[in-house]
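Below, chain A partners chain B and then partners chain C, in two separate complexes.
Entry: the complex of A and B
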């Protein structure tokens, strides 16, 4: 441990931390642009200057300087404040200040720091520098060279995280700009991360550009349902429609990143043809009628199988299992869909909770499985067609009206992955909190509550179900290795 | 008084075929090198100590003790050690390394050999700016000759010492003369200066210990090893000993490169070897250390001696000893603008204050020079300089601020006159507008 003082307060810092890290950990506001926890240190923006040991001639960039024993660090001295104002003035003289039409506005560190640390007015009376406003970096990303502050986070993301150089800096001095490399447009399937890490509106996502003001959105801190990696995200919604997914930092899972496929999947959760209310035997039904119909069809449970989607949370799966056990149904299958993963984040398993399903005793549909007497389908899942041959009855819980829902003996409403509550266990065995980003509205009860009602289980609230699920998972070690009982909660 | 013209570095400059190995050997060349690698000058550490004791300071601009720099190379890291010779001579007003490369490259190469032996390097890169076509050709030819004569290569002269010397040609950016940019340039990445620490002596080229020395610095090494530390320490000014190549450009009758020991009067250099100010004009100002140094007025020049302590006492720096002479007709607003255009053009763009500040300064000076200045502009320029100086990775911004602020402070009345006169003042001043900077 290193003992030093920050703004007169003595504190102990772990060895190897930089001054900036020490300040940020302690809530000391030191502005910065080029540093990024998961890209590394560069030291070009000169925003994070602090005064060390009274040296006002040469201020220190706090992002690069390791903490030293006995250091006296000042982050608010007159010289530091002047330097910050000076650097911000340099940034702003040629910046277009087009915040009113800029997508970054509202979540822009240039805007935020200009308010908090900036000079307030401009001494610049010359013509601003002009540059390309709309450079197609790819079919996903556009670049505005006038807004760019050249922190090089984007180029360093590719260099340091993706080991590639599709873009780089060209020209010199005030003419410096980010440019595409000789191989043409960016093709990296993780390229949209550069839009997130861009501290200004220079890089914009073509899927989201000019679509939605950030301050009107409600954000839910949840997990991407796209694959078994379970990248931590915040999902932004406006008036019941999802507008964007953005990664939240989790050092153990996705760091600060997510894949473009996962990110751009947000719109698939804005459904039109919702299943609202219940249907039994071809007619609209009340929940009581639906529950009675299911009970009658299942009977003593013999020859009945459950096929549960692995987009269900552990809590929902536990409720389904509880229902099944109460009804004598012993065949618990899970259905996961697949896509082509890669060697970075994206996994082959395109569902988020296969590990949770396995931990709770669900098994994949055996290759030689024959059609059961009756099939209970819980959630959005691909059903092997031969299982449908000769069914006496089919119960389907689904968010969206489809062919299968039409043919169901009993149709129950279901929620999408972005409307669910509970936890998912990712492929590493890390159990993560899932929170609803959307409210599906009338006629779509919470999945966990629906299965509770079907099971006549006595959980008055979700917390009771959660406690029961925790107990069921205690001691179970899913394939990833981490104990499934502990929910890993992370913040951005 | 006549200045004693030095005869050490430039001793062979006038000779016929001064670039050929044969002549260089005949003049005793490579004797010091061969003696060194056979251990006859002591251990490598002894040679480092000798250079340290000689008082030799780097000739590239920063003026750091050469022997001290060498001693920072860590021992036994298991990594190779590199020597990089900085021949990216681009400082406006500086053209001395060029003379060595074009007139006596073997002198440099002998210095390279001794330096590599002293610091434990077996690979040296001579980094030359691409515009030095003649210097590149001659240096490459000299290296070829040295290899052919068994002076470079494996087990040189049976000493067991191996050395490879490569020429690396820069692409024409001033910033590559900054030592860490030079390393990035050799590595093939964008030549942004690196944050220090780590210093190159510890973590330089390809993260290995690396010494970067100026061409003229290295050219001094054979002479020091040949004649001894004490000999060198007694040359010139005791606190900044040695013989230097002074580059004089601008409004003098005979501009050029003059080798003179340190410690003599700057005024005498102008009046003597340089033949005084041309056209019988009076001196107005001198920028003494390459363009990146603070301007001296004519009054200050009279009191200045040509050595680090002497120029420092006048508040400026000796830098690369590129002396830019400005006569009484020079418009100091235009001269400043000319200089600032250079820095704005050559700013690499890495650090915000320099990238944004230097072009801003140019825009303001253009306005002032054209008679559209405002009273507030002078304080604004000084404050912009304050916000740039000491706020960047390398010293380019500092090097821009020093002439900028010193010219404004010492010739403020010229700026105020321009502002007061308004746009009409622009007409008819073109004669004085061509400040002779950027001569290199």
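Entry: the complex of A and C
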């Protein structure tokens, strides 16, 4: 441990930390662009200057300077403030004043720092530098060379995180710019992360370009439902429509990253043809009629199987299991779907809660399974064809009207993964909190409440169901009962 | 308990009645030759000073280009939430593509608008102005939700001293 003083406060810092890391950990606001927790240190932006041991002749870049014993660090001295102002004035010389158009506005560190630390005025009367404002880096990413401040976070993301070099810095001095390498457009399946880490609006995602201002969106801190990795995301919605997924930092799961497939899947949760209300025996029904119809069809539970989607949360699966046990249904299947994963984040299992389903006693549909007498389908799931032959009845709980919903004896409304509440357990065994980003509106009750009503279970609120689920999972999941890994950190 | 008001006792002069008629007619004739202060609306219209806050409209620049870049600050500031903008990208083959962004649709709900002028004040592109138009009527509610085409039609061209996109 190293003892040093930050702004007059003596504190202890672990060995090997830099001054910037020490300051950020203690909530001391030091502006920075080029440093990023998960990319590493570079030291080119000169934004994080601090005063060390009273040396005002030469300020230190705090991101590169390791902490030393007995250091006296000042982050708000007049010299530091003056230096920040100067650095920002240099940045703003050539940065175009197009915040009105720029998608980054509202979440732009340059905008924020110019407001907080900047000179507030420009002495630059000459013509600004002009450069190409629309370079196609790939089918997903556009680059605006005028806005770029050359922090090289994007090139270092590929070098340090993805171990490739599709883009780099070329030319010198005022002509420096980021350019594509000789192999042409970026093809990396994680390339949209450079749009997030770009501290200005130089890199924009073509799917989200000019869609909606960030300040109009409501963000829900939740988990990506795309695969069993469970990347922490914030889902931005505007007027009931999802507009974007952005990764949240979680050092144990996804660091600051997520895959492009997961990120661009946001639109699949904006459903038009929803199942609203209940249907039983081909006619609209009330919830009481639907519950009665299910009860009558299931009878004593013999020969009935449950096939639950692994997009259901642990709480919902627990409620389904409670219902099944109460009705004498012993066959609990889960329906996980697969896609091609990779060796970075994306997993082969394309559903987020297979581990949770397994922990709660659900098994995959056996290859030699014969068609049951009745099948209860909970959630969005692909059903093996042979299970549908010779069914007496089919109960479907689905968010969307589809082929399966047409043939159902009883149709119950369901919620999509972006409307659910509860926890998912990822492939590492980390249980993570899922929060609804959308409200499906009238006629779609919460899944957990629907299964509670079917099961006649006595959980007056979600908290009671959560407690019961925690108990059921205790000792089964490596992280124990309590949800873990819900680290909320947003890097600039 | 009713209050009894005594009738005033009139003098003989007041009882004559005719002097009062003459007095009234004298005023009528006097006013007939004074200049009018009323207007023959709707044939005659009031002329407003420039800062009058009538219905908000969108304007085009001296070359007939859209000034609005759909930054959505007016939507943000609008106290009654009357403005809704759907942002859009200017197509790549458009000569004005360097401006990059323009509204795909722009709605002002005139049933909500309170004519406060905040939109005009906040607009960084000087694209929205309060016109002198004050007569807004329609046969149904939908007619009073002005869309982009209607707002540009009412706003027309406006030539300002600052021409931000001139050489860009």
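The criterion applied here is as follows: the second predicted complex is superposed on the first by the 476 of 492 C-alpha atoms of A that agree within 3 Å, B and C clash if a C-alpha of one lies under 4 Å from a C-alpha of the other, contacts with A are read in each partner's own complex, and residues count from 1 in each chain.
Following the convention adopted for this analysis, a residue touches a chain if its C-beta (ideal position, glycine included) is under 8 Å from a C-beta of that chain, and two chains touch if they have at least 3 such contacts.
Note that this is a predicted model, so its numbers are computed, not measured.
Examine A:149 and indicate which partner it touches, taking first as chain B and second as chain C; both and neither are also allowed.
Once the two structures are laid over each other on A, A:149 reaches chain B alone.
So which one touches more of the residues on chain A, chain B or chain C?
Between chain B and chain C, the winner on chain A residue contacts is B.
Which partner does A:169 reach: the first (chain B), the second (chain C), both, or neither?
The first partner, chain B, only.
So, does A:91 touch the first partner chain B, the second partner chain C, both, or neither?
first
What residues on chain A does chain C touch that chain B touches too?
none
Flag every residue of chain A that touches chain C in the complex, lowest number first.
Listed in rising order, the residues of chain A that touch chain C are 98-101, 105, 133-134, 209-213, 215-216.
For chain A, which residues count as touching chain B in their complex?
43-47, 49, 57-59, 61, 64, 82-83, 86-87, 89-91, 93-94, 123-127, 129, 149-150, 168-169, 171-176
Mind pulling up the chain B residues that touch chain A in the complex?
173, 175, 190, 192, 195, 344-360, 363-364, 367, 374, 376, 380, 383-384, 386-388, 390-393
Where on chain C is chain A touching in the complex?
Residues 69-73, 75-76, 87-89, 92, 97-101, 124-125 of chain C touch chain A in their complex.
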